[in-house]
Amino acid sequence: MAKEKRLAELAELSGGRVAGDGSVIITGVASIDEAGPGDITFVSDRKYVKLLKTTRASAVIVREEGAAAGLNLLVVKNPQTAFSQIVDIFKPAYVPAPGIHPKAEVSALAALGNDVSVQPFAVIEEGARIGDRSVIHSGVYIGKDARIGDDTVLYPGVAVREGCIVGSRVIIHCNAVVGSDGFGYARSGASYIKIPQRGIVRIEDDVEIGACVTIDRAAIGETVIEKGVKIDNLVQIAHNVKIGPDTVMAAQTGIAGSARVGGRVQFGGQSGIAGHIEIGSDTMIGAKAGVISSVPPGSILSGFPAISHGEWLRAQAVFGKLPELKKKIAELEERLKGLEEGSAERDKKNG
Amino acid sequence: MAKEKRLAELAELSGGRVAGDGSVIITGVASIDEAGPGDITFVSDRKYVKLLKTTRASAVIVREEGAAAGLNLLVVKNPQTAFSQIVDIFKPAYVPAPGIHPKAEVSALAALGNDVSVQPFAVIEEGARIGDRSVIHSGVYIGKDARIGDDTVLYPGVAVREGCIVGSRVIIHCNAVVGSDGFGYARSGASYIKIPQRGIVRIEDDVEIGACVTIDRAAIGETVIEKGVKIDNLVQIAHNVKIGPDTVMAAQTGIAGSARVGGRVQFGGQSGIAGHIEIGSDTMIGAKAGVISSVPPGSILSGFPAISHGEWLRAQAVFGKLPELKKKIAELEERLKGLEEGSAERDKKNG
Amino acid sequence: MAKEKRLAELAELSGGRVAGDGSVIITGVASIDEAGPGDITFVSDRKYVKLLKTTRASAVIVREEGAAAGLNLLVVKNPQTAFSQIVDIFKPAYVPAPGIHPKAEVSALAALGNDVSVQPFAVIEEGARIGDRSVIHSGVYIGKDARIGDDTVLYPGVAVREGCIVGSRVIIHCNAVVGSDGFGYARSGASYIKIPQRGIVRIEDDVEIGACVTIDRAAIGETVIEKGVKIDNLVQIAHNVKIGPDTVMAAQTGIAGSARVGGRVQFGGQSGIAGHIEIGSDTMIGAKAGVISSVPPGSILSGFPAISHGEWLRAQAVFGKLPELKKKIAELEERLKGLEEGSAERDKKNG
């Protein structure tokens, strides 16, 4: 059954105030361009303010009353946050009920906290520990002696291999892999001998990991994803990497072995960094960039091999003109030759 | 037991005609360079016509009789299509029998059509609906209220999360993920707060999705893959993206959030497009290209940031000569300096 | 219970000799910078020799006694190999016990060798054959008539589809997919018709395949991964590709359809090669490179389109200076114009 709330009720819930008709009935949430009657929406970015004129929403969450005369408004300090709260009312997250499903396979030697949910066909091996209220979705694999914190959600198909540690309030999306063997070999003639990969992955609290992300266990020691890191889909993190707190990595990024990434670094999509280097905190790495040597904190980089973003932008702007420049150089050469010959002739004449 | 067909029978099945011996026995299919006695093969591309001279196949499907004197031919309008039909005879697809396996977990509140196959350890949550004749392979997860059309195949390990919609005659390959949370956060000081991702993914009819592809659900509203789209392995589609009909995406491509891609667009492998931009229909995007701003229909693009393919090709051809050009510029400068000095001297002398 | 070994015992096991105190008790392994009392570590690379001065390890495995006066040493011919052996003692690999778990689903028409381990929720279809001592982890899918050799390990969530062949001593990491359909379509007006993909994947002995790798089955015939190939995470191998022996592929690399790669080729991360080309043996392909035409054995390539690595490095070094070069060309043009005008005037005066 669809939920209904009056705008005034939503204002109370989100600590805001109504401008317009507080009795209007809200039945759903939508983005400003897709909202229709019954929907509440929000505007926080300036560039969407113009959409206020055409929105069909029954109410809009805004920061300032100014631009939206005639609409029913919910005025709050942070429209995005208020909207998130209201989304939770109208479209609550799907959370399976606590309890161990009879079709799950939980070792008698595993330790589960309170109100844990273990869904069908999940496997929890001996020695594993799961914190309170965590949700182990169907088909998840939790290896021997692995540890999962409180309020963590592992979506269907996630694998956390033996010994790995996952913190609290961590979210790992479908089919991501934590603790696969690092890619390490010793040469033996033309072929390769596997170097044992017996370290672990340690994921700290409040990390989110996208679908089909792969994070390899350390050879020895730990691959570490620190507090608050957000990793998008299909990212690769090699063995013995350390990622600092609140770093954000867009999809399909790759971090090679033993690299150390500082805190609050931002990776654009399909970027990559070489092994054994250090990326200073607060660095920004552009989409598709490839960083091959250590960089100080606060760097802004693009290209491959990565250079400063500004330098890259300016060089890239010239790149398309290369054929023209080449032609110009040939012309200059020709004209210069003409002048040189003229000059030589003159010198002969005058000589 | 291996199948046997006479060439004449295959001609009848595929609506073609025999040139040569219609009584030859065909027992298998193979590519023209790998075919041996008993095999039928085909040639459609001109560049493979020369292989007719050396093929050991017992029969060849061709468009025209001309180039292949002495071989047993099956002459048809479309050799590729006829070959596909004949492949189905000799190497039929593996299709599990209809029925719900006792080791599957199907909610009593899910609705299944006729002749659905649900394999071991598949999970179908409450409110989910599956159309007629669809195949839910082992270990597939279908979330609450998700909908799957008719004649759709979900291979082992696929996850379709809650509320998502998959059309008819859709094929989704192993371990692909439909409906993982979009990558959306609001900043809060140095760290990030998750923005609820409560929209869905809607996949229209006749779409094929590769292995380990990730398609994120919309924050609000829908991520949409329109009719006939073909997506290769390991592609990332972010939240709120729309992909138009019959667009084709090669492996490891990435589409950032809220991008809108037209119909019949072709993406080369490892290409990417930025968020919030619009790619006009019938655009071709080269391998490894990165498109960062909206482009009109029919664009042909390469490079990063992408420019017209022709321009990129010409610039790239000069790229390797950069050191030479740099040297030439230095030489020109030197020679020019010489001339200028000569000229100044002359002016002094003559002055 | 933690293991304890005296250094002298470890020397005996690894065929080395002790320099220093052979009675020191070793309880663990660690990398040289992380080792503490009780740990044994190793140095093989010259650049880590300096860490010998500060290591807190109780013993170090070295090749030569020289640089490490005062430490307890285990002197061996190959420190890496000796360390790997000792890692196996202190941190043995997790290997599930042999036997078929009652919650697995193994067809009565499958054939399993001796001492095979089949974990919960694994599926082995009819006609499949598994060699001796292989480990089929939980949630693995082995399709109809697929074959797995001896001593092979398939980690949780791996799918090996119908008919595919996996050799002996192969390791396939979590959620990798072997035998998904190749990406092949015939055009039909604006839309696409699927070409049946009914070949197989054949993986030879001693191959290792990373997490979330996707290897497509051939349209007809075989996609082949030859002996000893090592493939890192999230790599894409398209249909009908052949990869030669002992080739190594870093993460997120993509190989397009029908490409043929020789033996001992090295792929850097996020590199790619076009379809239908041939990469000669012993070629090295740089990170992010894209090779679009066939190259002879022993090539060293970078960039996209890939050129010789040396040429690419030199060109890339100039790339950032493009704006400067452009400016210089404009200046040269200006100065040349000045000279030409001066010369013309002089010619007029003198003429």
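Every chain is named by a letter (A, B and C) in the order it is written, and numbering of its residues begins at 1.
Note that a contact is a pair of C-beta atoms (placed from the backbone, for glycine too) under 8 Å apart; a residue touches a chain by one contact, two chains touch by 3 or more.
From a predicted model like this one, the values you see are computed outputs, not experimental measurements.
Student: Subunit B and subunit C share one sequence, so how far apart are they rotationally when you fit their Cα atoms? Give it in degrees, rounded to a multiple of 5.
Tutor: Fitting subunit B to subunit C on C-alpha positions yields an angle of 120 degrees.
Student: Counting shared numbers against all numbers at the contact of subunit A and subunit B, is it over half, same, or under half, different?
Tutor: Different-residue interface.
Student: I'd like the Å distance between the centres of subunit A and subunit B, where a centre is the mean of that chain's Cα atoms.
Tutor: 24
Student: Name the residues of subunit C that each touch 2 or more other chains.
Tutor: 121, 139, 157, 175, 212, 234, 252, 270, 288, 319, 321-322, 325, 329, 332, 336, 339, 343, 346 - these are the residues of subunit C that touch more than one other chain.
Student: Provide the residue numbers of subunit C that touch subunit A in the complex, in ascending order.
Tutor: Spelled out, the residues of subunit C in touch with subunit A are 29-31, 34, 78, 80-81, 84, 87-88, 91, 93-94, 101, 103, 119-121, 137-139, 155-157, 171, 173-175, 206, 208, 210-212, 228, 230, 232-234, 245-246, 248, 250-252, 263-264, 269-270, 287-288, 316, 319-323, 325-326, 329, 332-333, 336, 339-340, 343, 346-347, 350.
Student: Taking the touch rule as given, give the residues of subunit C at its contact with subunit B in the complex, in rising order.
Tutor: Residues 105, 121, 123, 139, 141, 143-144, 157, 159, 161-163, 175, 177, 180-181, 183, 185-186, 190-196, 198, 212, 214, 216, 219-221, 234, 236, 238, 240, 252, 254, 256, 270, 272, 274, 288, 290, 292, 303-305, 307, 311-312, 314-315, 317-319, 321-322, 325, 328-329, 332, 335-336, 339, 342-343, 346.
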